[in-house]
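Each chain carries a letter (A, B, C, D, E and F) given by its place in the written order, and its residues are counted from 1.
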Amino acid sequence: MDGQDDQELFDRMTRELYSAVIADALDSAGARTQILRHDIRPLYPEAIVVGRAFTVLSVDVYTIPEEPYKMELEAVDRLKPGDVLVATTNGSTRSSLWGELLSTAARARGARGAVIDGLTRDTLGIIRMRFPVFVRGIASYDSKGRSDVIAYGVPIQCGDVLVNPGDIIFGDHDGLVVIPQAIEREVIEAALEKARGENTVKQALENGMLATDAFAKYGIL
Amino acid sequence: MDGQDDQELFDRMTRELYSAVIADALDSAGARTQILRHDIRPLYPEAIVVGRAFTVLSVDVYTIPEEPYKMELEAVDRLKPGDVLVATTNGSTRSSLWGELLSTAARARGARGAVIDGLTRDTLGIIRMRFPVFVRGIASYDSKGRSDVIAYGVPIQCGDVLVNPGDIIFGDHDGLVVIPQAIEREVIEAALEKARGENTVKQALENGMLATDAFAKYGIL
Amino acid sequence: MDGQDDQELFDRMTRELYSAVIADALDSAGARTQILRHDIRPLYPEAIVVGRAFTVLSVDVYTIPEEPYKMELEAVDRLKPGDVLVATTNGSTRSSLWGELLSTAARARGARGAVIDGLTRDTLGIIRMRFPVFVRGIASYDSKGRSDVIAYGVPIQCGDVLVNPGDIIFGDHDGLVVIPQAIEREVIEAALEKARGENTVKQALENGMLATDAFAKYGIL
Amino acid sequence: MDGQDDQELFDRMTRELYSAVIADALDSAGARTQILRHDIRPLYPEAIVVGRAFTVLSVDVYTIPEEPYKMELEAVDRLKPGDVLVATTNGSTRSSLWGELLSTAARARGARGAVIDGLTRDTLGIIRMRFPVFVRGIASYDSKGRSDVIAYGVPIQCGDVLVNPGDIIFGDHDGLVVIPQAIEREVIEAALEKARGENTVKQALENGMLATDAFAKYGIL
Amino acid sequence: MDGQDDQELFDRMTRELYSAVIADALDSAGARTQILRHDIRPLYPEAIVVGRAFTVLSVDVYTIPEEPYKMELEAVDRLKPGDVLVATTNGSTRSSLWGELLSTAARARGARGAVIDGLTRDTLGIIRMRFPVFVRGIASYDSKGRSDVIAYGVPIQCGDVLVNPGDIIFGDHDGLVVIPQAIEREVIEAALEKARGENTVKQALENGMLATDAFAKYGIL
Amino acid sequence: MDGQDDQELFDRMTRELYSAVIADALDSAGARTQILRHDIRPLYPEAIVVGRAFTVLSVDVYTIPEEPYKMELEAVDRLKPGDVLVATTNGSTRSSLWGELLSTAARARGARGAVIDGLTRDTLGIIRMRFPVFVRGIASYDSKGRSDVIAYGVPIQCGDVLVNPGDIIFGDHDGLVVIPQAIEREVIEAALEKARGENTVKQALENGMLATDAFAKYGIL
């Protein structure tokens, strides 16, 4: 798919899908380890992120580098429309990798959000921007002299899941799932179909159908 | 007490009580280990749950059972008005035991909420329903092939507290307490009385009375 | 600075500063370990606390003391305008040190908030009061027979940071920072200056300037 | 029982019992929460401790007390023959409560060992002394200015189990159990009897009897 | 391979291989997630276990089952020569799944060891038997009324690694690796070859060759 | 001090000192945060390490680097007599940084040991070599494609303590302490003196002197 198609796809996924139904579609496709660790949470309840992963690898350091922030700034400047910055710090709690200025810069490049297996700061500002950022925690510490980006555009593990550049990542209040590129069409179509079925079941249950009967009839839970 | 009395009692407890004052009443009754581990939290701040525990025991599995969800659906279908589904997964983070469809089915049976020592999904939907669900965390993973209900209506530990079927469970933004059936009348009455006293003390403190003097006078903190 | 100056200073800090920019100013001053552990969080997102630390040391006990709450009540009664009660329980999860009545008493003495490396209860009441309380967690357990204040007005560690009585503590949605008295003037001035610069950079980034260029030009991230 | 009887009893328990069989006897007596958390371990594999608990309560502090070590030394000096010093620091990892000199002093008073829910140091020296000390971990930090004993001879929790002064504590390579005084005779007799039965079963299994048959025949596992 | 071949193979692996070199061979074969979590440790330093996994699934329960130990005893009775019992309790610390009598019964059936993602007891007895048991921890608690085996001979996760019945498991002081049946021949041969090479490198390094040069020459580290 | 002096000093420290007495001397010198986190343990009980820190910084990676092990091998090849390799991986449990071949190479360069805030493998081989290695844990995973050394000879944190190249590190069964270069003479002399005093106190206690009296007389605990 080219960039234009991607944007339309991501908009549709935002409207019609949610992480749980994508998780089920991934399960059905045999991809059963595609959900990020559950302690990576959105900064605000309505945050929905979907886009192609632009990966970033940050590590703990103990001295201020010659050119602080160098590769992190480079990474942000290379984001393209439809991208989601996906960074790992392996959950380091020594500093915050992300903040409001980087969110502003990322959005200006067309990025649709950020996922950080680590900490962030400037959280109220980011929430006011409605820029969907998912993080493991919040802290005021700047990263200078505490962590440093050493690579981007490489395979990483984020929330214990392997993320390859270009994989689709989707996140909402239930968490984050990664759709490998090779099966993205199959998974998204299965998810769209299951999403339609769930409404039918919900209505049947509201009307008093037993859960056992509903599952027997619709095969959906 | 029969079912009708229960509903009136639970409605009154919802209006007049809160978990902290019940905790104090349990302490006074010598039942000092009746509060669930503090990491089991409501999905939304205003959630209040009160009812009789209908217990569910779920365990981790690694293959898809012959009849997936079988006993979990059975358990939900057996819920009665005034019940609260109380489930333990021993805090397993491998999958979500609960979701919006099960909340819908449980409410249709008359259940007043659910308490899960484990994960849930479909959280925004559950919040929109205003169905009070308390959980240890949130994740998109379906339970099929990851966990399975092996018993219900049996004593369990949930949040490290022994819960017997029929015990009253009460939860709000401060957490969850379990009132054993044998002392429920004594505890609830003591809690109602202490709740009235706290307002008096609060007013005295607002008017500038020293905390030391207020505690000496009212014996309440 | 005397008490009056303090109040004006704290009001200005509340309006113009935030924990991240103070953290950066502390870093620049070489005080790189002044941020409390990131799991001490505000009870509501907009909470901002700033004031001079009035320290409290609470420990776990296993019997009800002869005079329950004695030193805790004393501590609260000695709070002065501009103070923030800063308590450590070393993160004990056995009981809640703080609650709505103590918040009421503290506010009546002029205290500007409370920071507890431990648990609290009565959280909805505290949130309704808009009294800024920062805690490690929430639980209904009363402290009587579970924890006891053994000292106040002494150096403590709270959130792994040494807090001396009289240090300025500042907290918002990004967390809490401690400004040692000896460098408070220098740090606050540097923070005020950096806060002004960040708006300029944000605007430049919104207008499409690359992050690399913005950092090269303004030296701010 | 008087002191002389105690010593004979403890010597016999050392020879004939082990923690697992006492645990089973406690289970049978309905005392199902008498085993200390499993991360409190002996300093050397052959360590066996048995005696009456002399309890010590230590807490974290952040300044050097006027009289360092005062109550800890007092506690050690009051140990009597047959005692086991049982101390809680709630697992604090800030300093070591125990060491070789205190082990020497305790042994000189007739104490049979020490159980510390916290850290110790001088471990090689203690091992060489063959003084049975059970700890949560090892560290070189002195307790001065880091922790302080605030009470002894009071009920405490050690390894999450309530220990009353005078309870019998027994520990070996499998861990530690606490026998409440009220049921000590019953529990010890049941344990002695079960210990004899286990040898019979072991021999039967070595001779090839199926485990199912052995359990059906002897009722022991 | 039939049973006889297996025994010869396992004896040879015990003599010539170690877990690190098998781990490298698995890596080379692209099977990079075959090492059990590192907190599952042997009960004594020289323990070496190798054999085909006989899997057991145990879960936490809160009431004594009608027939305690039933499926656990069945599982032990079905062990065959060359088997290693591999059990998961998901690291439950509520009780010990294993002990000396079960070790005795397992050895009598020809089993070569046991791997428990959980706790054990009777540890000194097991060590004296030189029966290689690997565990996550040690505790005296009996499993009756605390955990129960609900299946055996099914795929499980042990130490976070999927173990299928019949996979070869190998463990020594460095930990445990699982060799999937489909690649066992390839992996074992590669491991045997690498083991021979390491001795050459060690000798070169002892003779003073730089590590950089040794790796350039031999390609082994 | 030059290299020759260092070797004599380190030999004397090995004979006459231990980590606890150095910890006390550091405390007395006001350096109260010089002890590594207590979960970094020696591979064998008698291991004693002392030397000048040669620091190594390793980080998690997710792809095999172009030149695997490059900087790690370089670091080992640059070790000088009297050095101790001190490496941080921030406690990563994804792979083992160290092993028998690197121990062999390090010893051939004259290094006196290794301290790894991370995992190691080949542990029985290292123990047989009697090369004092201190680690956070043990695992078979090779570091290739899992972690990579990105710097050496730079300040790092190991076990939460700042270690500068050239600082003296001392470790034994009680743990590890770091003596900053600026105060090494003062600290070592104070430690040697206190070590002599402790024997006197131990003898007095063995002879029955009360602990309170011994501390009053000798000021040593």
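By our rule, a contact is a pair of C-beta atoms (placed from the backbone, for glycine too) under 8 Å apart; a residue touches a chain by one contact, two chains touch by 3 or more.
Fair warning: this is a prediction, and the values are worked out from it, not measured in the lab.
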Note to self: Taking touch as defined above, what minimum step count separates chain B and chain F?
What the structure shows: 2
Next item on the list: In contact with chain A and with chain B at once: which chains are those? Just list them.
Entry: C
Check: Out of curiosity, which chains are bumping into both chain B and chain C?
Finding: A
Margin query: Regarding the chain E and chain F pair, does the interface count as same (over half of residue numbers shared) or different (under half shared)?
Written below: different
Item checked: Distance from the mean Cα position of chain E to that of chain C, given in whole angstrom -> 49
Check: Just curious, how far off is chain E from chain D if you go by their C-alpha centres, in Å?
Finding: 31
Notebook entry, point to check: So what's the Cα centroid distance for chain C and chain F, whole Å?
Noted result: 37
Next item on the list: Return the residues of chain F touching two or more other chains; collapse runs of consecutive numbers into ranges.
Entry: none
Notebook entry, point to check: Got a list of which chains touch which?
Noted result: A-B, A-C, A-F, B-C, B-E, C-D, D-E, D-F, E-F
Notebook entry, point to check: Hey, which residues of chain D end up touching chain E in the complex?
Noted result: 18-20, 22-24, 27, 32, 35, 37-39, 41, 45-46, 172-175, 177, 198, 201-202, 205-208, 210-212, 214-215, 220-221
Note to self: Using the touch definition from the top, list the residues of chain B that touch chain E in their complex.
What the structure shows: 57, 59-63, 90, 92, 150-151, 154-157, 162
Margin query: Applying the document's contact rule, which stretches of chain D touch chain F when the two form their complex?
Written below: 69, 73-74, 76-77, 93, 96, 99-102, 104-105, 108, 119, 121-124, 127, 137-142, 144-145
